[in-house]
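Going by the order they are written in, the chains are A, B, C and D; count residues from 1 in each one.
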Amino acid sequence: MTVSQILFILFALATLVAAYLVVTVRNLIHAALWLVASLLGIAAIFVMLDASFMATVEVVLYVGAIAILIVFAVMLTRRVMEDVGSQRTDNWWFAAILSGLFFASTSILIWFTKWPNLPEGDVGDTVLILGKSLVDPNKYVIPFEVASVLLIVALIGSIAVALPSKQSE
Amino acid sequence: MPEVRVGDLLVSLYDLLGWGLSELGLYPSVVSILQKLVAGFILANFCLLTPLLTIWLERKVSARFQDRLGPNRVGPYGLFQGFADIVKLITKEDITPAGADKTVFNIGPVLAVMSVLGIWAVIPFTSTMVGTDINVGILYSVAVGAIGTLAIMMGGWASNNKYALLGSFRTVSQLVSYEVPMIIALLIPTLLAGSMRMNTIVQEQQVWFIVAAPIAGLIFLISGIAEVGRAPFDLLEAESEIVAGFHVEYTGMKFGVWMLAEFLHAFTVSAITAVVFLGGWRGPWVDQYPLLGIVYFLIKTYLVSMLMLWIRVTVPRVRIDQMNDLNWKFLVPLSLAVLVMTALVDKLIPVDFSAGSRSLILFLVNIVIVVATLLVLRGVSRKEQAAQSDLQAEVNSI
Amino acid sequence: MAHEWIFIGILLLLGIVFAALPIVVNSIIAPRKPHPLKNETYECGMETVGDTWIQFKVQYYIFSLVFVIFDVEIVFLFPWAVAYKELPFFAVVEGVIFIVILAGGLLYAWRKGALDWV
Amino acid sequence: MIPLAWYLTFAAALFCLGLYAVLARKNSVAILMGIELMLNAVIVNLVAFWRYNEPVNVSGQAFAIIVFAVAAAEAAVGLALIISIYRRRETVMAEEIDMMKW
C-alpha cells in the first residue's frame, strides 16, 4: 500500500458514502448538500489522476453552478422543511437488485480484463494541448462548436419553459 | 546545508527547515509535508490576521471621509479595537434559533472561511514564494470562491427564518450573476499571458495588463466588489432597509466568522486584482532581491483595497433592478466585446512588435470600445428620455 | 502534478480548523441561558407567521439558469485562451464564433425579458 | 501505483448508486441528482482512460468536456421542466406526473 493508494481509497470511500446518502436521505436539501460533498470527492479523484483542469472545472461547474441550480429547484418546489412520507417508490427493491446486478457484472468484467499500466513520466501541459485540439479542424472543432449550439438551445428552451408567460399573471 | 540568501530570506528559511528536518532522519515526503504544513500555518495566520488590520484601516479612513474620528479609545489610534471586538464576540452567547438545521447552520461560516483562504494557495507573493503554482491557478481561484456561494446558501437555509432564506436567495443570485463578467475579465489576462499559472501571468507583465486591458481590469474590480457584497452593492444586507440578509440569525463568534470571511474576501479580491492586472510582485530591483516583491505586492493590494473603500464611501447604494441591469445588460456584453476585440487584434499585431507597443495598440482598442459604448449608452438614454417625455405629454393632455 | 495540490489540501484543512476554533472556544466560554422566546427566529419582533419555507419567485431561478449556461461556455474558453499564443488566426476566429453564439443566447434572454427584474 | 481497475470499479459503483436513485426515487429533482451522479461516473471513466493510455492524446478530456456541457444542459432544461410542471400541477413526484397517460 503506497500513500497514494491509501489516499485514493479514502477519497473514493468518502465519495461513495456521500453518493449513497444522496440517494437515500429523505430531506432533499440534505441530499443536494451530500451531492456537493460527493462532487468534491470526485474532484479530488481527478487531482489524483493528474487532471487538474478537470478537477477545477468539476468544482466551478458542478459545485458552483449545477448544485446551486438544484438547491434552488428544491427550494422552489416544496413547502415544508421535512419531506413527508416515503421518498422511494414501491418497487424500490427491484431497482436495488437491478443496480446491484449491474454493479456485480461490470466489476466482474473490469477485474477479468487486463488493463494497461500507468504510462511513465509526467502528463505535460494538458490544458495547452486541450486548447489546441479543441479548435483544431482535424480534431474537435465540430464538437466544440456544436457544444455551444447545444448550450444555446438549452438556454432558449429552459427560459421558454421556466419563464412565466406574461398573460398568465 | 543550503545557502542563506538575504534577498530571498523566507524561501531560504523554508529550504533550511527542510534541510534541518531531513538531517533528523525523516523521509523526504514527510519532510516536504511538514514544510508545507509550517508554510500553510504561517500563510493562514497572515490571512486571518490581516482582516483585523484592514477593518481598523477601513473604519479609520471611512471615518475621515465622513468627517469623524473613528475608533480612538483602545490602544494608540484605536489600533486594538479589532482585538476588543473579538473578545466581545467570543464571550457573547451563541444562540441557535429553534428549528434550525444545526449541522448545516454550523458548517456554513466555516466553509465560507475555508473557501476564501483556499484562494491564497495560488497567490504569488514573490517570484519564488507562492504556495503552489498549479497550471490552472486563475480558474482555481474562481472554483474555490464558488464554494463560498454554497456556504451562503447553507447558512441562509439552515437558519429557519424567512428573511435569512430570502436574503441568501438574493445574495446567491447576485453572486452567480456577477461571476459571469468576472470570469470573462479573467480570460483576457489568461489570453495575453498564455497561461493560467498565477506566477507566469505576473512574469508576462513587462507592461502591466491594466494598460493592455483597462476595461477588463475595471470590470473585474466592479464585479469583485459585487462578489464581496460591499457598498454600492451591499443591498443584500442593507442595514437601513432590510434586516440583515442571510446571516440574521447568527450571533457571537459565528457571526464574527462570517464577517471575517467577508473582509478576507474583500482583501483577496484586491490581491487578485493586484496580481492579475497590476503586475503583482513586479517592481524595481526584484530580480536581485525577490523579497522586495512582497512589499510591492502588498502596496498594490492595499492601494486597490483603498480604492474599493473610496468607492464604498462615495457611491450610494444601487437598487436591485439597477444592480441586475448593470450586470446582464452592461458588464456581460461589454466584457464579451472586449474579449473578442482583444483576441482578434492581438493576433493581427505582427509577432516582432515589442511588449510596449503591443500594449499600446490594445490600449487604443480599449479606448475605441469605451467611446463606442458611451455612444450606445447615450442613444439608449436619449430614447428613454424621449419615451418619458412622450408619457409626460400624454399625461398632460389628459 | 498531483503533488502540487498537497499544499492546497493542507491549506483548506487549516482553513477549516482556524474557522472552527473560535466557534468552539465561543461555545465553551460563552454564557448559556436559553429561553424559548430568545431562541425564536428573529422577525422584527413579530412572531413567525406561516411556514418558514415559503416559495420564492422563479426569477432567482432564471438568473442562475442563465448563469449555468454562461459558466459552461466560459470555462470551455479557458483552454482556448491558454493555447491562444500558439494558435493560427482561423483558430482564434473559431473561438470568436463560439463567443458570438454565446452572445446570441444572451440576446435571446434579453429580448425575452428573462433578464428583467420583475 | 493505483491500478486502473480501481478507478473503474469506483466509477461503476457511483454509476449504480445513480441508477438506483433514478429508478427508486419518487421526487423528480432527486431523480435528476441521480442522473448527475451517473454522468459523473462516466466522466471519471473517461479521465481515467485518458490518464492510463497516452496522456498526450487528450481525447478523453475532450470527451469529458462535452459530457460536462451535456450535463449542464440537461440540468438546466430538466429543472426548468420540473419547475414548470410544479407550477401547473403542484407536485414534483414522478408518479403523479401522469397526464400523458390519457
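The rule is short, and it goes like this: contacts are C-beta pairs under 8 Å (C-beta built on N, C-alpha and C of every residue); 3 or more make two chains touch, one makes a residue touch a chain.
As the structure is a computational prediction, the values presented were derived from the model and not from experiment.
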(message) Based on mean C-alpha positions, I'd like to know which chain lies farthest from chain B.
(response) D
(message) Can you compute the centre-to-centre distance for chain A and chain C, using the mean CA position of each chain? Integer Å is fine.
(response) 17
(request) Measure off the straight-line distance from the CA centroid of chain A to the CA centroid of chain D, and report it in whole Å. (result) 6
(request) Would you mind pulling out the distance in Å between where the CA atoms of chain A average out and where those of chain B do? (result) 28
(message) Quick check on chain D: which residues sit in contact with 2+ other chains?
(response) 65, 68-69, 72-73, 75-76, 79-80, 83, 87
(request) Send over the residues of chain A in touch with two or more other chains. (result) 4, 48-50, 52-53, 57, 60-61, 64-66, 68-69, 72-73, 75-76, 78, 81, 123, 126-127, 130, 134, 147, 151, 154-155, 158-159, 162, 164
(request) Indicate the residues of chain C shared as contacts by at least two other chains. (result) 4-5, 52-54, 56, 58, 60-61, 64-69, 71-72, 75-76, 78, 81-84, 86-87, 92, 95, 102, 109
(request) Identify every two-chain combination in which the chains touch. (result) A-B, A-C, A-D, B-C, C-D
(request) Please give the residue numbers of chain B that touch chain C in the complex, ascending. (result) 32-33, 36-37, 39-41, 43-44, 48, 86, 89-99, 106, 109-110, 112-118, 120-122, 131-134, 136, 139-140, 159-166, 169-170, 172-173, 176-177, 179-180, 183-184, 187, 190-191, 194-196, 243, 248-249, 252-254, 256-257, 260-261, 320-321, 324-325, 328-329, 332-333, 336, 339-340, 343-344, 346-348
(request) Please name which positions on chain C make contact with chain A in the complex. (result) 1-2, 4-5, 51-56, 58, 60-62, 64-69, 71-73, 75-76, 78-84, 86-87, 91-92, 94-95, 97-98, 101-102, 104-105, 108-109, 112-114
(request) Can you check the complex and tell me which residues of chain A touch chain B? (result) 3, 29-30, 33, 36, 52-53, 55-57, 59-60, 63-65, 67-68, 71-72, 75, 81, 125-127
(request) Flag every residue of chain D that touches chain A in the complex, lowest number first. (result) 1-10, 12-21, 23-27, 29-30, 32-34, 36-37, 40, 43-44, 47-48, 50-56, 58, 61-62, 64-66, 68-77, 79-84, 86-87, 92, 95
(request) Using the touch rule from the top, collect the residues of chain C that touch chain B in their complex. (result) 4-8, 10-12, 14-16, 18-20, 22-23, 25-27, 29-34, 36, 38-44, 48, 52-54, 56, 59-60, 63-64, 66-67, 70-71, 74-75, 77-78, 81-87, 89, 92-93, 95-96, 99-100, 102-103, 106, 109-110, 115-117
